[in-house]
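Once you scroll down, you'll see the structures, which are given as structure tokens.
Both complexes shown next keep chain A, but they swap its partner, so chain B is in the first and chain C is in the second.
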Partner chain A sequence: MSKMCERKTIMIVDDEPDVLLSVAQILDANNYRTIKARDGQECLHKLKTESPDILLLDIMMPGLTTKEILREIEKDSRLSGMKILFLTAVHLQEAEEEDLFAFKQVVGLIGKPFSVRELLDSIEKAIQR
Partner chain B sequence: MGNGHLFAGADAGIWRWRESTKSRLLMIAILACVILDAYATFVMDKKIAYAHFFFIPVILAGVWYYMRAIYVASFLGALHIFTSFIYSDFSLSILTLEAIQRALVLLAVAYLVGFVSGEHAKALLREEKRRAEEIRKRIKAERDNLKLIFESMPDGVYLISADYRVEFMNEVLRRIFGDHVGDICYKVFHNREEPCPRCKHPEVMKGKTVRWEWHSRRQNRTYDLIETPLRNADGSISKLTIFRDITERKKAEDEIRKLNRELELKVVNLEEVTKMKNVFLSITSHELKTPLTPMKAQLQMLQEGYMGKLSEKQENSIEIVLRNLARLDKLIADILDISRIEAGRIRMFFKSMNFNEAVKEAIKTQEALAKAKGIKISATLADLPDIVGDTERLQQAIGNLLNNAIKFSKKSGTVVIKTERSGEDNILFSITDYGIGISKADQKKLFLPFSQIDTSMAREHQGTGLGLAIAKGIIEAHNGKIWVESEPGKGSTFYFVIPMRQKMREKEVSYIKSK
Partner chain C sequence: MLTGFLIFKKMKPEEEIYTRIINAIQDIGGIGATIEEISKAVPLGRHTLSKYLNHLRADGRISYKQIGRAKIWFVSKSPLQHIFLLSEEEKTYTEKIFSRILSYVPEGILILDFDFNILFMNRYLTALYGNCIGQKYPRSFFASDCGDDPCGFTGIVDATVEEVECRVEDKAGRILELKASRVENPDGSFSIIAIIRDATEKVKYEQRIKNLSELHRMLGEAVNRSYTINQLCSTILKNMRNVLSFDMGDILIYDRIKDMLFCYARIGYPREAEASEVGVKAEDWKRRIAMEAIMRRKALYLQFYRARARTYRVKGMSDDNELAQTASHLASVYNLKEGYAIPLTTSGELHGALLIFNSSGRTLSDDDRSLLEGVSEAIAGGIAKIKAEEEWKLKASAVGIATQPIFMTSLEGKPTYVNPAFLALWGYDDEDEVLGRPYSEFWRDKSEAEAVLTAVREKGTWEGDLVALRRDGSTFNARLAASLIIGKKGPLQLVAVVMPETTATGLA
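Moving on, here comes the complex of A and B:
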């Protein structure tokens, strides 16, 4: 089901091309504007010119760590309204999890593999926060 | 007449003065008598009575020198006679005769006093000798006893005198070294020409008891030595040494130490391996789940018509794939969980929660399976206060138990769930199925990973055999207990009880399996 109100922009960051593609397909079909990035570097680069409403962030990627990415985002006041959802295949049992959720813009977590419904519901909830 | 030296020691009481004092006093007394005699005779014309003073040196000599007093008496008597003789113009006058008489009395007194003193002194000496002999006999008896004990001891015992001579060696030592009483200890035991550098002899001689270990390179054996000073009857000190061959014990100790080291290494190794296994599993589960994501996403998009409408056959086909994808997903998650439980590293995120809600959610996850088998799930949930626990994990545990119950129930059967308070502080959960039941033998293995009752059943019920093991891990991580009551053919009831309050709230807790 696609939303009839204004089109929201969602940035998807995942190092797996198929995941990126699949998520983008789902979101596109549901009337979201999507921006794709394959790693933290590309994500931050694109965020310089874009201000998405939602950021879907995979937390186990090569290159910049999740914390580093989040710290950079925090610094940019332009992005303060952006909500962040984690995409994760690993059940987070490290203490790190608490640290990650300490970032104010992080609003939730979607476990992989997620269902289409789970993805869309999480995004809708995030938008409404 | 006796030996002055011998008798001197028998003096008693106030007469126990130093020899030099006594002899000086006696000489003075004798001299005084001589002077007195000369004075009384040639100056005082024998007009005073003085001869009785002669008894003083005579008595002193008698008491101190016993029969030697006769010499003193003889000298003084002779002097008295002589002076009287001179005074009487060298004639045998009455004076001279009186003098002779007095001299004889002096001699008699000297003899009497000397004899009595001498006998007394001899008696005292005999008594002392007797006592000394008694003491010596007693010491000897004790020593002999000690020697008997030493002889019968399995340890080596020897006595060394202050000058390193062997005074005694017991049987054990004689067997090893031969009989070397009288020889020098360092020669006998160590074949050295001088005292051993590590010898404790000087310390022991000072009165110290020493315990130490000595390794004999010559024999390649280790000994435990206890060396203590022993005071002899004559006041000298000997060194008593008791030593024990502890070579075997040392070997055993070394062996134990070696085994301990190996064990430590193994433990460290094991810890390394476990760490590696956990890292491996974390990474693997991530890697395994990654392809599942686009697979599931694509299939669901197909299913929901994102790629166009599907035929019924196509929909069914996708349903089958999705179902198995879900199985695979669960398997990966379960394997990860069980490996964490076994490593004692599963984490609980405790917070305030409603237990009955968790039960209801778990029921929801199994509804499809229950419906497919026509199983009715009935739940009697008591009014429970909120508890502290990990909602997700408890849901998982209850879900696993329910899944089990449904799988092993007969078609169109019932599964009954019950929650109630147990005592002041606990919650009791029970789930009953009326299925095939579990034998006593199988009950023992029930909560072990991968122990489905038999492999055919496992295949039929599409289980992994991990559900119960994971449930047990979760319940125990909540400081609870899980168990089963079952009768083959009749059904089974699984119970678990958990405390309502956990020690840590709203914080992750690391569950260590065995401490």
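Moving on, here comes the complex of A and C:
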């Protein structure tokens, strides 16, 4: 019930339509409000009018790089409370990970393949941070 | 059309006059002909004849020598050569432009007579071979006998081929690309004109690309066919040696737990040296060199030279340097001329190092070295893949020996994996009896089981109680925790862990 009162918004950014749809469907079913974006450009465009609580961001997408997206987000003070969780199918190296985690809003990383249990737990943890 | 016809009608008598003039000069002989002598065979006014002579000269078909106040006319044997032999003042405007173009073209122009004597070569060729005019081309360019024909020009002489196009190696090891054809001279003879380009760099580049793609192909095959890292490393090293022809090499793999490098493959080391006491020490020295390259995060190239008998030094390194001492020890064991250590990393993650050594006269070219660096990431990627597979096999073994039943199904609900604990609890002997059957068959209430599947697909997880149905028809209460697995491209399958309750509910 408490979740119903404070329904959190999650923006999912992934270039794989099946991942985008299934994750959104699952999060909707678990009482989250979802916004979908297929790439960094669409993500930034939607962030002009939306302020999600969590951004689930796929790391390897065509177009803008993850760093470029993060830099743009950092510039917008309205989004300073938004927490970012990465989704990735590739193993990030220490240096790359350090680089991405240098952005204050980044709170975690979920490696693909992942179970929905892991996803929900990670989101819950991110919200509580 | 009409204009063309008029020109043809107008040009024809001029062409007849030109032919008569050339014939007259040839008839007079090799010493050349004055305008007076020519006018006897071609009875035209002096000014008209002079005009035709100058037309022919501008056309390159005849030339003259100034002797005193008289001009002695000759038929040009090689018009192109003639242009270059004239002084700037003697050249017509067209000849000046043409000679400049030919001199500075970035390709070689060679004109030979039918005995393969060089009549003309431009600056491009002179820069490569010096001035060889008058010499035979096989000797000047290929240091072979005068009777040889490395480029196959005989076909042009025999008129069996119109054109020759070939790639040949010259006396200096340069690769020449050559295109030659027959050219008709004004006196009716023929010359051979060849366009030559030094393609050494191009050929090297092509070879490098070929080697690189060959190495990548072999690497891909090795990764697909190898089950262990040892197998993969041995295959990679063998393939690389076939392509690059080095003497000795090693692949060392980094063990994260022990924080050490271990040799997984080596090739080419003389057995006696390897087995000796010093050979054992050499393994440590190799590790030290590999570690240096890893710490520097870039390839390390060492060149050795013999200072005294059995004593080696490293070029450009002081004797006090610890790495130089280690490398010198190693060089003295295997009489090394050069060594190359390349870290094997994938986007910063360390997997090990590749060592290449040469003791014979052969050395790694810059291209070879850049090629090695180019494939090093692919090698590291292959190693990472096999490592990950080994890791997954270990994890799969852990699931296999778990005492709790675990199963996976496709999104349609057909089991794709069950662990031995599942088989034991449900009373099956073999997984083949279970895999591919509808998942609902393993539960007493099929519709309830289907509802669980729907819930997992929609919500991603489900946790609750179900009554399981054994093979013998008996049932037991179980708590099921299921989750959907999402892969790179979307939902993959469903994984569930079963926690059986201790009290069985008896036969259904």
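Just so we're on the same page, the second predicted complex is superposed on the first by the 123 of 129 C-alpha atoms of A that agree within 3 Å, B and C clash if a C-alpha of one lies under 4 Å from a C-alpha of the other, contacts with A are read in each partner's own complex, and residues count from 1 in each chain.
Everything that follows uses one rule, which is that a residue touches a chain if its C-beta (ideal position, glycine included) is under 8 Å from a C-beta of that chain, and two chains touch if they have at least 3 such contacts.
Computed from a predicted structure; not experimentally measured.
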{"item": "Contacts of A:K112 with chain B and chain C, given as first, second, both or neither", "value": "both"}
{"item": "Which superposed partner A:V23 touches (first chain B, second chain C, both, neither)", "value": "both"}
{"item": "First (chain B), second (chain C), both or neither touched by A:A102", "value": "neither"}
{"item": "Touched partner set for A:A89, first chain B, second chain C, both or neither", "value": "both"}
{"item": "Which of chain B and chain C A:L120 touches, first, second, both or neither", "value": "second"}
{"item": "Those residues of chain A which chain B touches in one complex and chain C touches in the other", "value": "16, 18-19, 21-23, 25-26, 29, 89, 91, 93, 95, 112-117, 119"}
{"item": "Residue ranges of chain C touching chain A (in the complex, touch as defined)", "value": "346-349, 456, 458-461, 481, 483-492, 495"}
{"item": "Touching residues on chain A, where the partner in the complex is chain C", "value": "16-19, 21-23, 25-26, 29-30, 89, 91, 93-96, 112-120"}
{"item": "Footprint of chain B on chain A - complex, ascending", "value": "16, 18-19, 21-23, 25-26, 29, 60, 89-91, 93, 95, 98, 112-117, 119"}
{"item": "Contact footprint of chain A on chain B as seen in their complex", "value": "282, 285-286, 289-298, 300-301, 304, 306, 325, 329, 333, 336, 340, 345-347, 508"}
